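Quick one: the structure is below, questions incoming.
To keep things simple, chains are lettered A, B, C and D as they appear, and every chain counts its residues starting from 1.
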Amino acid sequence: MVTDFAKRNCQVSPSGTLEVLSQREIAVLIAASQDTSQSSLFELFRRCALAVMNTGNETDDAAAMFAKYHDFTIELAQRTRGLKLVIKNAPASAFVEGRMIEGIRQHLFSVLRDIVYIGTESLWDNGGSLDGEGITDAVFHILNHARVLDPNRRPNIVVCWGGHSISRPEYEYTKEVGYHLGLRGLDICTGCGPGAMKGPMKGAAIGHAKQRATSARYLGLTEPGIIAAEPPNPMVSDLVILPDIEKRLEAFVRLGHAIIVFPGGVGTAEEVLYLLGVLLHPKNADIYLPVVFSGPQSAAPYFEQLDKLITLVFGESARERYRIITDDPAGVARYLNKSIRKLRSHRRESGDAFYYNWLLHMPEEHQHPFEVSHESVSKLRLTRDLSPADLAVNLRRVFSAIVTGNVKANGVAMIKEHGPFEISGDPEIIEAVDAMLMSFVEQGRMKLPGSDYEPCFRVVSKSAQ
Amino acid sequence: MVTDFAKRNCQVSPSGTLEVLSQREIAVLIAASQDTSQSSLFELFRRCALAVMNTGNETDDAAAMFAKYHDFTIELAQRTRGLKLVIKNAPASAFVEGRMIEGIRQHLFSVLRDIVYIGTESLWDNGGSLDGEGITDAVFHILNHARVLDPNRRPNIVVCWGGHSISRPEYEYTKEVGYHLGLRGLDICTGCGPGAMKGPMKGAAIGHAKQRATSARYLGLTEPGIIAAEPPNPMVSDLVILPDIEKRLEAFVRLGHAIIVFPGGVGTAEEVLYLLGVLLHPKNADIYLPVVFSGPQSAAPYFEQLDKLITLVFGESARERYRIITDDPAGVARYLNKSIRKLRSHRRESGDAFYYNWLLHMPEEHQHPFEVSHESVSKLRLTRDLSPADLAVNLRRVFSAIVTGNVKANGVAMIKEHGPFEISGDPEIIEAVDAMLMSFVEQGRMKLPGSDYEPCFRVVSKSAQ
Amino acid sequence: MVTDFAKRNCQVSPSGTLEVLSQREIAVLIAASQDTSQSSLFELFRRCALAVMNTGNETDDAAAMFAKYHDFTIELAQRTRGLKLVIKNAPASAFVEGRMIEGIRQHLFSVLRDIVYIGTESLWDNGGSLDGEGITDAVFHILNHARVLDPNRRPNIVVCWGGHSISRPEYEYTKEVGYHLGLRGLDICTGCGPGAMKGPMKGAAIGHAKQRATSARYLGLTEPGIIAAEPPNPMVSDLVILPDIEKRLEAFVRLGHAIIVFPGGVGTAEEVLYLLGVLLHPKNADIYLPVVFSGPQSAAPYFEQLDKLITLVFGESARERYRIITDDPAGVARYLNKSIRKLRSHRRESGDAFYYNWLLHMPEEHQHPFEVSHESVSKLRLTRDLSPADLAVNLRRVFSAIVTGNVKANGVAMIKEHGPFEISGDPEIIEAVDAMLMSFVEQGRMKLPGSDYEPCFRVVSKSAQ
Amino acid sequence: MVTDFAKRNCQVSPSGTLEVLSQREIAVLIAASQDTSQSSLFELFRRCALAVMNTGNETDDAAAMFAKYHDFTIELAQRTRGLKLVIKNAPASAFVEGRMIEGIRQHLFSVLRDIVYIGTESLWDNGGSLDGEGITDAVFHILNHARVLDPNRRPNIVVCWGGHSISRPEYEYTKEVGYHLGLRGLDICTGCGPGAMKGPMKGAAIGHAKQRATSARYLGLTEPGIIAAEPPNPMVSDLVILPDIEKRLEAFVRLGHAIIVFPGGVGTAEEVLYLLGVLLHPKNADIYLPVVFSGPQSAAPYFEQLDKLITLVFGESARERYRIITDDPAGVARYLNKSIRKLRSHRRESGDAFYYNWLLHMPEEHQHPFEVSHESVSKLRLTRDLSPADLAVNLRRVFSAIVTGNVKANGVAMIKEHGPFEISGDPEIIEAVDAMLMSFVEQGRMKLPGSDYEPCFRVVSKSAQ
């Protein structure tokens, strides 16, 4: 359809949080919008806004998108009675009969709210000055400001993680699981984007419709770095942009009442290690949070590898924290439905809120952004003398480095220049990691810069030397 | 999933119209429920109820379904405060966590309401004693009783017709059209069942979700004879069971604000001829009702054949009543959106209701059920001396006879016993009909009793002799 | 304010039940509207419509009102899409800024619905052909058609009876009771009009507002004969016009979950006797319905007289059916709130509906209209050999005759022409009735045709002769 | 009713803004609640909370109330999931059936929100460090935080000012005006408390009910210093406590779309002078804000005096800013209804918000609290060489001093100790003020410390010396 490649101009007004602003708040926003340097918040907003409006034209080639819409502009116009976005050369696919699709309009103002409005406050933690408790508080305020925390809803949020470029049968499987969750009145929370992030929402929408569940929610939590590659589907009813990966992960685990891990790649493994790093912390021994790993039969090897690494690193008892359910979408939904009822009584007994898991202890290392570099990676030790929780922190950082070294532009360049990252640790652990990565390559779960897999890291020392 | 073949027992209470009944109304329903003869209303209800609960287990083999659930029972239990359905051995797929899916529960009580409650009133027209005006009134009351007529909604109902066993690309096309209708806030009304009846609803649901259209409707109009073969998808938000095909067709054209014809077979052709028989009636010269024939490129031949027959029979001017749009889902939606705005001003000027097209003149021959038999068919003349409207009436009855003779059990038996139906008419018309049927066979659009197509009719005389 | 005496013209369209009508229903209404004979339904409607629109200009002199608005006209205009009322020379007080007050508009269409629309159906029981069960059913359908029966509300309807021209302190007392009922989330149902019918509603409105009870209801049940003298206050949220006094009384006792009797006159005494005639019927021994007689200290003698008559006639045990609470508005509300909770469990146990007391047995003599004449009154025996329930039936009819003979135009004329009614009965009972009436006169609770009280009846025989 | 003097204990949880708080916000509140010094925010909250719960027990003797409930305590209890108020020895009249009246519960949390939660922020302006623009912004945020600013409502807020201890006919008149405003769908905003602040709300409630206006609002703006003497009626749907008189006055004029001045005393005169000081400022020449002075015939002298003083001081042209309407409640409502339509187009043209009058220029002297003392008063010049706007500022401060010197405990003490305030100004102006005060005394509109009126000020100098 040729028209979809056309470009459109328009003016839109906000609804929601940004609808009523003081003259000063508007002035701050306008000032921010006039800083057009490449690194400014407003330029970040501009790029995210384009990604949000380009949804549906599926591609994870963000560069191509920015090239095509190089003349896209977005400006804040001050009106005494509020503000307006003046948009030029936007993707025509965001419009129907000359009006912006309502879901996209809402996302646009979610992005403005979270990046520019919140971004000018300390909550955004630009200087990295917040401590762990401060970060937990900031995540709370960002979610609350987005009106996501509703004290009058029963626990029913199922967080779904997994790859964004999974196989067709795996995608269909995530839809099927979503459908059975929807039939049980459970809401879906994902990281936005295609694949395992979209399937559960589409399936749940059918389930909710069949049950006439009119207030169902589809929560999308994202961050500026990935929104271009994984733009939110307009079905997402509540979009929140967290400042960075770590705050986004914290939002997932404090907001969710259950977590499903679908098949993915290294990124999904990173999320799993983050999660276990939290749940296996001794201070969280009394916290109840149901976790399921699930996929169709074809995904069984993926979870076997994960399971093997986990038990090797954390011991057999780590298995108490998750359950693997293969090829049984209704079974997954039944189990989580029951588990969430159990969670409800746990929360009641402990006095914790339904809408935010305050009592969960979060190791502070999990909260601060990890900057990947040869130096930072070389300091990560993967040794058995660490506590399982600390080991999980390091392991998840290693996976973060691998994702960077394998596919992110800056990471690939680093490896080219300085050679592979050097990781020190117990050989047994390193080998297990390596074996898992090899199996991911075999299963086609690794996006690689070249045609052959060449590890971007090497072992340099034994553990605890 | 093995559990789906299991059977379940349950008790359910009504919501909606049947929630508050007088003791006498309950007594009448109970009395009807105790007449268990094969031809009774309650037995009809039982069969339709099973079909509604068996939804999703897609098959158009009603006989197989009845065999499998031969021990399914449904009883009305009197409670002073209301009534209850006591159900045994129902398809387990209708339940989630031991509770009936809400959409199915609502359909179940729609069936009870329309077949047993309305069925015991004169509206059901069992004796065929209503005249044309009375039938129009009865259709109105049945729809109103089902709370489908809403004076506070703007015209936005798009009726979608087409085959229930179309090809995958055609099905995807209907979804795409539905999506673009949904993006424009248009509601969908179909005849229930799979194929072209389901696609537009599924597509529209996505469009509505993206536009946050929370009060969208998915209307399903069916009749007892086809509900088993074409059970309503639980997404249907408003299900109405009309007493017979003719009243169902009248409901479509009085309720709809636009009509799309997707590719189908002989049945779809019958609907088109019914529609033109109404719209081309001289008394309807001032009535505006937009009609679009649409499908993917592969369906172009289907509409060419239809168009050829129509213009041959009714003349070129008949084309003013419909537009053929090929392979352009967004274009269909754009055109209808504009047309419905035009219809709105037409209705305002003429003083007609938005929710029911009272001013449309309905030829009484279109309203009374046509009983197919060798004798009744032999009386149908297809000659050019008839007015186009009368010719349309006869032609639609011929197609009704062909559907019966080709695929319905009783029709196939008739042909076997008495030979083909005899149709008299102008050779040119008869030949055009024949040519169209041959092309349907070639396109795989005819469900046939045998492997080769053998016409179930023959020409016996020239026109107007 | 001079403008209030002006007259206005306007056109109004219905909302609610009459919003969507078939062409035939409209035709029936139009036909009814063209019968302008004095005794026609439409003339009855016209008079009631004027009363409804004249609300607030408080007077119980209906004749004066009809004289002033002698040129008031109301016509039904047919529109294809619905109907309209064309009104001329209506009281200007019904309008604000040229628009009819919404509450009055709703009442106007309630009157049209109940008198003209329902009036042309058998439910209206014009020919008196319904039997007891049929009448109960008709009352149900009239209430249901008015959308008053809501299966999703908890029992909370308190029926308030009492005089329409009570003293200021008594009026303030009814407001105070209403306030305390409103604070407890209880809804009010009265007979419309001023005095004890208006006070509880005004008080409850304040109580409801303080509790933020947004879905509170103010039900008004009236009948054509009294609507002119006691027009509904526009605060009445649900107005229903029952065909006659007896059906209105039945509506009260089947709809209400508690009954308060405030001070009144002979009419109130008649209602109390009706109520006891029902509750003391042996078949109602298991029915629970809380009844309170209440007023300020100054009203104590009124209730003493009532109590004396009741216990004399029915025995001490009749007192189990009611409680007298003097000068304690909060106490009344507390007692009823507790009692209604008890009623709820009674209904649950017996399986009776919350919204209509089906299980209450209604003596058929209570259901048929009693036509007052010398002959019909002479047949009423007040003797102790009758069952208490039968005695109550006769006694309430005697009070009906006294109201008629004392104040209604036709009754006063009867007495003038034929002398007092003759009543036969046990002297003790007759004397008690007489004593009560004398005390009413002393308390100023009797509206009398002349300045001295002259009984309109005399005793003619002993009981049981 | 004896029970009303009883005391009750209870625990209540918040709804609205305070329902979802972070752990840190709760900690700040808890800390504030532990500062129990007499001058602490929490002690202020405690006193206001008691006033709110004592509503209905009408008295403006705050001291007596605090004496009676000397053992009243209120504590904040921390719960992980939110917070709770633990209350002991509260007025029993705030409870029904053991539960706090919902309207009172909401007010209690409005007080907590505005005094303790907002009070710990800079918005409260405790240090007086905000400049004019900052104050305007703070008022906006306090109102917005209270969810009073709704961008989706049409302008319809009528601010009503006037005395809290007016005569019965004047009170009835304010009710009547409120009734006619309510019939026109206008909302009421007052300063809380009895008299002219309660009458319009009670009247409007009836008008709204008759028009079925379900989303009507009753806004109460108060400040800590007067809440005890003028507690909000529980009918107030939106209660906001502004930090001081000046911010409360600014809230009135930025929020209101029209202002009615009912009869009052010196306080009301002070408000009128404030208002004219704003409206007559040259920068506000293009601002449209309708103002009406109204009362029954008996109040005509009050407005004559006001009018005389105003025109003397500001010239005849000041009359363009207000209209005096005597004894015509419906006329007041008609005029304001029309005026607010005009205001709507003014706002549209100027681009100003409907919900907050940003473009109104506020002289900074009007915004900062004026501390009454002999010294501060002696600096106020009432001379004709000042601009009318500046003169209004000084004059309103003089009235503020008179209120203080006449009735406030600290003011009366000052006068006793140091003699009357000394005011310098043009004799003509001083005499006009004096004459007006004398007439107020004659009309019984002055609350005086002694039995004879003895002016608390004297003239010390001519103008412009």
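Keep this in mind: a contact is a pair of C-beta atoms (placed from the backbone, for glycine too) under 8 Å apart; a residue touches a chain by one contact, two chains touch by 3 or more.
Keep in mind that this is a model prediction, so the values were computed, not measured.
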Touching both subunit A and subunit D (chains): none
Centre-to-centre distance between subunit D and subunit C (centres being mean Cα positions), rounded to whole Å: 46
Where subunit B and subunit C are represented by their mean Cα positions, the distance between them in whole Å: 49
Subunit B and subunit D: spacing of chain centres that average the CA atoms, whole Å: 65
Touch-based graph of the chains, sorted into line, ring, star, complete or other: ring
Chain-to-chain touches, reported pairwise for every pair that qualifies: A-B, A-D, B-C, C-D
Contacting residues of subunit A [partner subunit D, same complex]: 19-20, 22-24, 79-82, 133, 136-137, 140-141, 144, 149, 151, 347, 350-355, 358-359
Partner subunit D, residues of subunit C touching it in the complex: 1, 3, 96-97, 101-104, 106, 180, 183-184, 202, 205-206, 209-212, 214, 234-235, 237, 330, 334, 337
